[in-house]
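There are structures below to look over.
The two complexes that follow have chain A in common; it is paired with chain B in the first and with chain C in the second.
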Partner chain A sequence: MNLKFLIVDDSQTMRRIVANSLKNLGYEDFVEAGDGKEALVKLAADDKINFVITDWNMPVLSGLELIKAIRSDEKMGKLPVLMVTTRGVKEDIIEALKAKVNNYVVKPFTPAILREKIDQIIANTGGGN
Partner chain B sequence: MMSSDNISQLFSKLNDLKKVFSYGEKLIPILNSLGEFMKDTVPLLENINKSIAESTSKIPKATNQIQSVTSATEMATTEILDLVDSLNADLSDIEKTMLDVLNKEVDKKEFLLNLIPMLNVKNAETFIKDFLIKNSSSERLGELLLQIGKMKTDSNSITISLQVQDITAQQLATVNHLIESVQERLSSLIADLDNNPIPEEHDTKVNLPAGASFDPNARYSRSEVPQQEVDSIFNKEMQTASQDEIDKLFN
Partner chain C sequence: MAELNQNPMLTDPDMKEIVESFIIETKEILDKLDVDLVEMEKRPDDIDLLNSVFRHFHTIKGTSSFLGLDKLTGVTHKGEDILNKLRKAEVSLNPTIMDSLLAAYDKMKSLLYSIEEFQNEDIDVDDTVKELTDLILALENKDVKIEKKKTQKKKTQKKTKEKTGVSKKTNIITPDVNEEAIPDLQSDSDNVEEISENIDSESKQQSEDNAVKVEKAKQDSTKKVENSIRVDVERLDELLNIVSELVLGRNRLAQVNSEFALENEGTKFSRDLFDVTKQIDLMTNELQLVVMKTRMIKIGKVFNKFPRLVRDLSRDAKKQIDIVIKGEETELDKTLIEEINDPLVHLVRNSVDHGIENPEVRKANGKNPTGTLTLSAEHEGNNIIITIQDDGKGIDPEIIKSKAVSKGLISAEKAKELTRQEILNLIFIPGFSTAEVVTNISGRGVGMDVVKTNITKLRGIINIESTPGVGTKIVIKLPLTLAIIPGMIVKVKDQSIVIPLNTVIEVLRVHRENIYSVNQKPVIKMRDSVLPLVSVEEILYGFENKDENKIWQYVVVVGIAEKSYGIKVDSLIGQKEVVIKSLGNYFGKVPGIAGSTILGDGSVVMIVDVNELLHKAE
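Showing the complex of A and B:
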């Protein structure tokens, strides 16, 4: 299926690394946002986005708050979301799960891990919203 | 006339008075020393106060310098990513060209082998096969393509290693926050020295601001263990979630 990714990270470097990794995995279609609020604006403006990869710690609106906002929205509530973050402690993972994240990757990641998690999410959700 | 009792009482009180004076005589040098000590200590305290004030005023400069380190490393990382992208693009072009050459090599070999039955020349088959063996580049091209594949893997590995920039940026943001917290406490201490007694505080924990955009525990590790631990917790917690919650999540 055709996936259009929204990469959300306040670090320009990380957005670029995620984008490069996606290119290496054969995905060419993606847009970027620097925080959760900008991500929500991009999601509202582009209904072709059907996969979100987000960092946790960001200014303005965090990744966790972004997931909660997505899940509480009637239109995009089922959008697949992958969290890519430095936060790897149990409490954080549970908090992300409670917010209904679809999967969780800890930084630094490898393209192989990214592929594995994207494939798992697509297999479990059918992908898209 | 004074009675003998009254005289005894008078002597007793005079004795007490004598003891007080003699105690006072012993106290005077101590009080003098205390006075000297206070005279020495006051400039010392003023120096400490001044030093704290100077250190506090330098803290904003230190936080700015840390911030500029983060900006510089981000800029350098972007430049490295640009170079890696350019390198990958060049490698992809070379790979494509070499694959074309390899395909043409195969076509050439096939053409020459198909030519043998058409040629009515003695030893044509031996001659052409010998020519193909001596002039074949397929094997070498295959090796070079493998080397290009390895170079692309290495350049991707450089990209992955550059995640260290984001992680160190978060560590520096944490250090900046700690320095700013120390500045706040020192400023408060200076105010206390000027006006009020310093309250005794035992709480050394620095609270992070709500919604901090950095992770104070960010660490760079190429080990697979952190992700394995995350997967283990994620899968375990997913299993303990109710079926209803899972259905809601995936439907």
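Showing the complex of A and C:
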């Protein structure tokens, strides 16, 4: 299926790493945002986005708040969201799961792990919407 | 050898773009951290600041882990752990924690340098990691200590060695909680579903609040656009060079225009030429300004290093010092920014070391035990004024005087005649240092004379004001740019020369009877001071053709740093913006000449180096 990704991270390097991994997996279509707020703007402007990969710790609007915002929105409430996190932040992961993130991936990940996570989410959500 | 040590990920062509982005981003983050960490110590209760510092560590840890930069990831991770404890208010910030965070920061910085320069991480981090690990253990131990306090009050009072013994036990427990619980969740995605279902009802309630949030975010967000680009400095230099040429062309055009207008006044062509000249003049001015601006960097880039420096220095010297920074938005040319750093570091070190007193001394003198060091910058016309001010013990002119005499720098008789300002200026003489003991902080052989020389090289002026017991203020005046300067055009014999206008104090017409001779050297009296007279001709050509019939002598009085002297000239032509060009490789460096420029009439004239002329005259 055709996936269009929104990569949300305040670190440009991190966005490039994610984008690079996605390219390695054969995905071509993605947009980027530097924080949760910008992500919401991008989402509102582009309804073709059907997969969000977001960092947790960001200024302005954090990954958690972004997930909550997406889940509470009528139109995009079911949008698949993958959270990128680091080791040792169990509380964050529980918080994110409470906010109904679909899955999470721990940095540093390989493209293979990323694919596994994306595939899992697609299988569980029945392909986006 | 070096090649063998390179991290393969860093040299992988496919990773090039990411590695570059990583280096630029990490550098920027480290710059921010430099300021934020010290600021954090001042405002430990600022949660936003703490979160931002934490996020910076977090980002570096995340990105470096992808590049397989194990040492950087490791050190950053330790720092992040400590910050996380602060964030969760498990511990509160104290100087020990701060020192460790700064140690982590320093290591991160040197690792990044090694990564950028050598594509490897060949830097020993073991000590830092151990220091951080010990601290984390000690901090965790503190929690244990608090819990145990009720039952075993005595044990906690024992020595540090035992503390680490206890903490090692805690350490065994912690990973169990942290690391095993997460992979469990991760490997089994059913868990995700399970937890999600449990909390389903809870989040429904939240969702209504959030709906409002989304709307708000949508409304007040404007599209974020990248509003800056990176440009190679070489291109900017090239651009400035071309603009300099254009300025010369503009000057030439203006000259042609006025010459033409004299002969053909009132004709249509002369009016058109006038219009075009005017327009080009205006646009060139604007272009010159814009290009100069693109080369400008905020002085904050330099200033921002000082809070950390002052903190470290004052801790070493057991002093309490607050640093106040003003005008960090003030911009100046990139070249100047690079050159001004070392003199400033030296002056700040001096203030900390010799200026501000120990807290006990300050208290005894009825001063605030915490000294204040102010670093400020502001624009004044085409100059930037940088001030370093402290409220320390000031400089006692008597001590300076006796020191200078005892060191044989000046004679006792001469010392008596010096004004207060002249005495203070003695500290700029090579070989002068007032420090009783050479300390680690200053007095490393680099004296104030080097500072002065560096400032003078930048066509700047340094001035010192000091009141014993109240403090010292050092004022540095620098031009905004080095390439284009306002110059005063004068004639010596038939040769036009340019004197940089920033050094010109005034112009005098002196009757030849008022030129005296002291030690066979010509001097003039100006108000209550005696000024040596310098002949450009003699200095440059080795002899002077004296015109015995001349009754009036024009003298341009110039000042460099604290010294002033007069330059003998035959006539004054006017003022012009001139573009400094080097004399080229063929001539190399000619003593007394700073460079050359092309005037409006196409003639090449020399720009004198006021500082070197003075040295040659002495």
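Some observations on this one:
The definition used in the following text is that the second predicted complex is superposed on the first by the 126 of 129 C-alpha atoms of A that agree within 3 Å, B and C clash if a C-alpha of one lies under 4 Å from a C-alpha of the other, contacts with A are read in each partner's own complex, and residues count from 1 in each chain.
Quick note on the criterion: a residue touches a chain if its C-beta (ideal position, glycine included) is under 8 Å from a C-beta of that chain, and two chains touch if they have at least 3 such contacts.
A quick note: this is a predicted structure, and the numbers were derived from the prediction, not measured.
Of the two partner chains, chain C is the only one touched by A:Leu40; chain B is not.
In the superposition on chain A, A:Thr86 makes contact with both chain B and chain C. Once chain A of one complex is fitted onto chain A of the other, the partner contacts of A:Thr125 are limited to chain B, with no touch recorded for chain C.
In the superposition on chain A, A:Glu32 makes contact with neither chain B nor chain C. Once the two complexes are overlaid on the shared chain, A:Ser11 sits against chain B and chain C alike. Look at A:Asp73: by the touch rule set out above, it reaches chain C but stays clear of chain B.
Touch criterion met: A:Pro111 reaches chain B, while chain C stays clear of it.
Put simply, chain A uses residues 10-14, 16-17, 20, 57-59, 86-88, 90, 93-94, 97, 100, 102-104, 106-108, 124 to touch chain B in one complex and chain C in the other. Within the complex, the chain C residues that touch chain A are 17-18, 21-22, 25-26, 52, 54-55, 58-59, 61-63, 65-66, 81, 177-179, 181-182, 185-186, 189, 192-193, 195-196, 199, 202-203, 206-211, 213-214, 217-218, 221, 223-224.
By the touch rule above, chain A contacts chain C in their complex via residues 10-14, 16-17, 20, 34, 36-38, 40-41, 44, 55, 57-59, 61, 65, 68-74, 84, 86-88, 90, 93-94, 97-100, 102-104, 106-108, 120, 124. Those residues of chain A whose C-beta lies close enough to touch chain B in the complex are 9-14, 16-17, 20-21, 24, 56-59, 62, 78, 85-90, 93-94, 97, 100, 102-111, 113, 124-125. Within the complex, the chain B residues that touch chain A are 74, 77-78, 81, 85, 156, 159-167, 169-170, 211-215, 217-222, 226-227, 229-230, 233-234, 237-238, 241, 248-251.
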